[in-house]
Amino acid sequence: MKMIEAVIKPFKLDEVKDALVEIGVQGMTVSEVKGFGRQKGSKETYRGAEYTTDFIPKVKIEVYVADNQAARVIEAITRAAKTGSVGDGKIFVSDIANVVRIRTGEMGESAL
Amino acid sequence: MKMIEAVIKPFKLDEVKDALVEIGVQGMTVSEVKGFGRQKGSKETYRGAEYTTDFIPKVKIEVYVADNQAARVIEAITRAAKTGSVGDGKIFVSDIANVVRIRTGEMGESAL
Amino acid sequence: MKMIEAVIKPFKLDEVKDALVEIGVQGMTVSEVKGFGRQKGSKETYRGAEYTTDFIPKVKIEVYVADNQAARVIEAITRAAKTGSVGDGKIFVSDIANVVRIRTGEMGESAL
Amino acid sequence: MSSHMMSSMKKILPVLLICLTVILIGGAVPFVQDVAAEEAAAEAAAAPKADPGDTAWILASSALVMLMTLPGLALFYGGLTRQKNPLSTILHSFICLCLGSIAWVVFGYSMAFGPDVGGFIGNLDWFMLKGVGAEPHSTYGPTIPHMLFMVFQLMFAAITPALITGAIAERIRFSSMLWFLGIWSVVVYYPVAHWVWGGGWLGAMGALDFAGGTVVHVTCGMAALVACIMLGKRTGYPGTPMPPHNLPLTLLGAGLLWFGWFGFNAGSSLGANGQAVSAFVATHIAASVATVVWMLIEWAHRGKPTALGAASGTIAGLATITPVAGFVSLGPALIVGLVAGALCYFAVSILKPALGFDDSLDVVGVHGVGGLTGCLLGGLFNSKAMGSPADGFFYGGGFTLMGAQITMVLAVAAFTAIGTWIILKIIDVIIGLRVTQDEEQEGLDVSQHGEKAYHV
Amino acid sequence: MSSHMMSSMKKILPVLLICLTVILIGGAVPFVQDVAAEEAAAEAAAAPKADPGDTAWILASSALVMLMTLPGLALFYGGLTRQKNPLSTILHSFICLCLGSIAWVVFGYSMAFGPDVGGFIGNLDWFMLKGVGAEPHSTYGPTIPHMLFMVFQLMFAAITPALITGAIAERIRFSSMLWFLGIWSVVVYYPVAHWVWGGGWLGAMGALDFAGGTVVHVTCGMAALVACIMLGKRTGYPGTPMPPHNLPLTLLGAGLLWFGWFGFNAGSSLGANGQAVSAFVATHIAASVATVVWMLIEWAHRGKPTALGAASGTIAGLATITPVAGFVSLGPALIVGLVAGALCYFAVSILKPALGFDDSLDVVGVHGVGGLTGCLLGGLFNSKAMGSPADGFFYGGGFTLMGAQITMVLAVAAFTAIGTWIILKIIDVIIGLRVTQDEEQEGLDVSQHGEKAYHV
Amino acid sequence: MSSHMMSSMKKILPVLLICLTVILIGGAVPFVQDVAAEEAAAEAAAAPKADPGDTAWILASSALVMLMTLPGLALFYGGLTRQKNPLSTILHSFICLCLGSIAWVVFGYSMAFGPDVGGFIGNLDWFMLKGVGAEPHSTYGPTIPHMLFMVFQLMFAAITPALITGAIAERIRFSSMLWFLGIWSVVVYYPVAHWVWGGGWLGAMGALDFAGGTVVHVTCGMAALVACIMLGKRTGYPGTPMPPHNLPLTLLGAGLLWFGWFGFNAGSSLGANGQAVSAFVATHIAASVATVVWMLIEWAHRGKPTALGAASGTIAGLATITPVAGFVSLGPALIVGLVAGALCYFAVSILKPALGFDDSLDVVGVHGVGGLTGCLLGGLFNSKAMGSPADGFFYGGGFTLMGAQITMVLAVAAFTAIGTWIILKIIDVIIGLRVTQDEEQEGLDVSQHGEKAYHV
């Protein structure tokens, strides 16, 4: 199985979720993160103290899928998350050894 | 070594932590996440605008352990996090290459 | 490619970021987490109800790099995040299969 | 939807009906009103006119006491809950204010302050404020419109049940809370208010309660004690820590309560006079001393002074000075503050854990203990020179006043405890008191009200 | 930096200039002022002295109405936005208060309440408050300093545009908002205030608006409707959920609004008298009833009572009682509350979605509908016995008053709609109304003001 | 636990002792009090009665000024800190209010306003408010109870040290703060208040400070400057950004400060009279203008108008108008606002960074600069026609008044600076001023108070 982790622009979350559901993904885990990269943050000023934060709010999506699904998932995310402007984010793919569904104790792909 | 990542119901965190400590786990890293899956969120209404969020608050626990410990850890989490109702969550297991303890520079299992 | 995940003390974030930028890292993803380990949390009291939280605020940094860069990155993080006192944190290294830059669709190291 | 509509309709139909009845009666009697008003106008010409200065101060005071309940108390309590319950907690105070106000103008005021029936309760002659108009009432503030005294007292009747909600927060069912506190106002508050202030037997006996140490604080404290025991502990208490989710909100509430309390106490002299000023000063000083004392004791006892401790001391001092604010001079005010800070600290952070009841937001230890203590201290420190009708022990009044004070707090405490117990038993049997485990787990905001306090 | 300095200089130069002019004129006339003041002093000796009691209450009331705008309304609105927009939303009310106040003392008061010109507008004789001093004005509060009436009315002129901002929140450009509401005050508010209160044709015709149901609420409601339609929906509305980011903030705001409204309504009797007291009571009761009614209807309709629903009911009740607070007795006050809660609930949670305009924070459904309803109910329930200049239908006044009331709301609604439409069209053409899609996406706090409300 | 109990006992024993002494003295003299009170009652009969209207307004004003400190200032400052320090910052204001109030009634009032000793300080004849009762004092408000004047002034004595805490926030040790500001009140505030208002040499010399531009704002500004320099910068300042953690809280505080300031300034006329009204208007207008001006300058200078900038302008305008609010007409009020907004903007966002001291929450640039500027502007714009005892330069008063004003601000600034420096040196030597690096790192809420402001 594969763990597909995508860092995207927050306002794209719903579109990405819908795209994934469409291709049959049944679950995902999302967290708020801050990203550092090419995209630059916007300037803030407080009583004349100006600064630009390098860390930009992003959303991280983790999807665990069967190996054969991986390609479709990556494609779906890329399509849905893309705006074309710097900061669209990245998708990271890695292998995982096992999955367990806590409720039932099922293991492996059936647990997804 | 293995990275064991568990997504559980927030109010189960303390029980899971205790279960892990019991079997000798000395560290873990926890983050608040939102989960999408079979479990459905509860309805909210604001001045008549009703909606149900698909994303449900969950807690993600990351535990890094020696390979031989993995099975016991998985078992402990499954036991402690289980309520039997939809949304109990998942456990994901993957291999990791190396660990470093920043304070001492130790590497490998001894760093855990 | 490698995924390097470091759990550090929050106030060390800026130093670590600078150290990484110095050695040519162009991106990272940061999230707020809570850590359980040897370091003990500080006591809080509310109307006489005392308790110590076992979970201490930490920052988790994820950096994806080419294999050959991994060593330098680990070294840089260790150097910058170190205070020498308990709780400095850990660095976890694992392999990843692939990376995609959403904006361009590039794959592999060039996407980093 | 229709399915839940049915069920919820059932749930609230009674409330709805009661409410509509009230309103329609309202609609029915504008003419009565009108006549009343005209008479008023007529008499007013003859009758002693109200003084604009006194009227100005009591208008301001009434607004201040309203502010105490919402947003003052609502936020003070709301900040102390866990993040999943602030809205339900705020709504408790909010709705107590609204329902309490409606019931008061329709029949509550008449029951509490209307023509006396056997020293126990007022009759319904003043139903819908019939005859309560712009002309002053001889005993209820001779220099302000009678209607103004009515609305000033309304704010007291509204905040008392709201105070109780702190003890049942984070687990009571919303509808049960409505029934409980609605009935409680009629069965417990109106009679007690009548006994002490409305021409009832306690007042006649010489018991003194300047601004509500017994009528407001002893009643809410006892009711809170009984209620939180009958309701049972919050799941996980005391094992799992339940730290306040937003202390700045609580400190804001504390500040607004302090501010509003000037209306509560200095307004209780029913005019902008010397007694109002001395009550103002006593209130401010007792609050200040109790705050410092609580903080210092906690510092010595726990190793650190806390902001929540300071705020708790403030409320303790304010509750304790309430029954004597207009009757004591500076020295006693300082002592009242000292005792308040020390006793309430003991009650909240030592006695409560020892006894083990789960008074979520410490109504008993702060308001109950404070109000009771203040009433008894009145027996020692009240002084005619300051405007008290009778001298306390230290001012040559012997034990007479003290006796009356003891009788008052005991009688009221007992009556409140019994009344509260009966009401809750009945509600428990008919609709139950608590939300389900799952609802409590999920939080009352979502499970009872379908809302979340914060969205990121 | 110089680059953006240039551009932004261009953006704000006009504002800057206007502002400086105002100030310099200010600087130019201290001497005029001075003379005025001396005359004042002189006359004051002769003229009927102001009553300290009445003055005290209107001073307090003026402060209370100021509190309504900041922080009351600012936080009520601020809590309802998404986390990326609270500061811009708060700043809207904040700046409306400041600009509105400056314009009012310089020329606004004279235009609204100064010597009448053809029943339509006041002339500029009172420019820079010339001749407005410590001595009472015969018709504008004979027992308080004329200057006090001026500042009390100032608070009304300041909050009205602030109320409108709720309909355009989360997408309007800051500079456009400044131009819109600055011009709107002059073109719409001053004339309407003059028509109804300043000796204009509507007042002369016998139309009654005790504390601003038409002048404040109908105007802001109509303006809000026109503005939010012309501005267009927020990106994503209604598809994407936009839940309030901080409801405790909103409930705090609601509490402060309620508190301040006592000054708004009870202060409108311009003295600490019987009418102030009955207005105080009517205000409090209407708010309480409307809160309960909204909550119960929502409970039945949606299955759960909500805190936001309760707060919405409160504001609806307060807006609806405003035009009649000092003219009705208890019964009608109860009915006003009942109607307010029901009608505004319908307008906000059924009508708005049906019609599909995006009134971000529901100014139309709460203030517009409420104010209009209240004015019409006045035609039924106003009663001379309570201090109304004319009797409503149920008090034997026949249809005369009702006719005047209908004329008032229709005339004002039409005039406001047209005025608002023209102003916005012009601004739209010259500088545009909305921020860019990206700026809206990022949030107005960062894009317009370079600030974030919260930092962890 | 016993271990830390020992240590902390040691830490606070002195405080504890002082506190108890105060209370016990309190306990000791109720009888004295009593007699005093009876005399009071006696005289009162004869003496000129207080006016209820004036009393009503000053009662309200006293409550308003209390609100400024808590929750107003507390939240204004609390929101500006980083998330790890709001509670400690709020507690600073909170405790200053309490300790300041206690010290004031015991001996502070007598030292500041009691019978004069050589123009420098008051004697202790009024210890424990002996002889301060319900009858008015001939010079301290002839139409209100002397006790009321005392408590109104109490609020001023309490807020001044609280204002200083903004400069030392996020790094001062709690116990050091207590000692510093406790001693500072006695050594600096009481004398200065006496010099200017209590019959001291500056007042005698003809220097004018209507509501505390010098007594409150210049003193707190100078003390803040000295304190933040002696304390040193926060670790990381100015390199690491330290954005406010909760601006809505700060804007709420700003709104409450503005609201309370009406009591501060309009209350300083000690009655509900014409001067109160003109002070009310001047206060409101100066605040409005300064807000707009600060915002526009920032807009031009930085490219964007900010909410925090607007709030800073408000406070600047309020501080600057304070010394002249009751002495100037509309024109000058506009100018005062204009100057306040411009000068304070310059001081805060250009001068401070240039000089490089770390005045955490800008007490110096807003209160210090504002208060000083206002006092000098008084030398130009005060006018007898508005109620000023002397005319300023533009009103034919020549340089006399200006001379006195300059003397006042210089003398007070110098005296404050020296006094503050000595006090801090001593405390630094004995117990130290700052928390440890680690404590600062962890945040003062947890390290000093064992609390966290928010729990998710």
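Details
We just call them A, B, C, D, E and F in the order they show up, numbering each chain from 1.
Just so we're on the same page, a contact is a pair of C-beta atoms (placed from the backbone, for glycine too) under 8 Å apart; a residue touches a chain by one contact, two chains touch by 3 or more.
Note that the structure is predicted; figures quoted are calculated from it, not measured.
Contact with chain C and chain D alike is made by B, F.
If you average the Cα atoms of chain B and of chain E, the two centres end up 52 Å apart. Per-chain CA centroids place chain D at a distance of 33 Å from chain E.
Among all residues of chain D, those that touch two or more other chains are 51-54, 56-57, 60, 243-244, 246, 252, 272, 302, 304, 306, 308, 450-452, 456. The residues of chain B that reach two or more other chains are 31-32, 44-46, 94-95, listed in rising order. Chain pairs that touch one another are A-B, A-C, A-E, A-F, B-C, B-D, B-E, C-D, C-F, D-E, D-F, E-F. Residues of chain C that touch chain F in their complex: 11, 14, 42-46. Within the complex formed with chain A, the chain E residues making contact are 240, 441-442, 446-447, 450-452. Those residues of chain C lying in contact with chain A across their complex are 3, 17, 26-31, 64, 94-103, 105, 111-112.
Of all residues in chain F, only 1, 4-5, 7-9, 11-12, 15-16, 19, 22-23, 26-30, 32-34, 36-38, 40-41, 44, 50-57, 59-60, 62-63, 66-67, 70-72, 74-75, 78-79, 86-88, 90-91, 94-95, 97-99, 101-102, 105, 128-129, 133-134, 145, 147-148, 150-151, 154, 174, 246, 249, 252, 272, 448-456 touch chain D in the complex they form. If you check the complex, the residues on chain F that touch chain A are 238, 241-244, 298, 302, 304, 306, 308-309, 312, 348-350, 352-353, 362.
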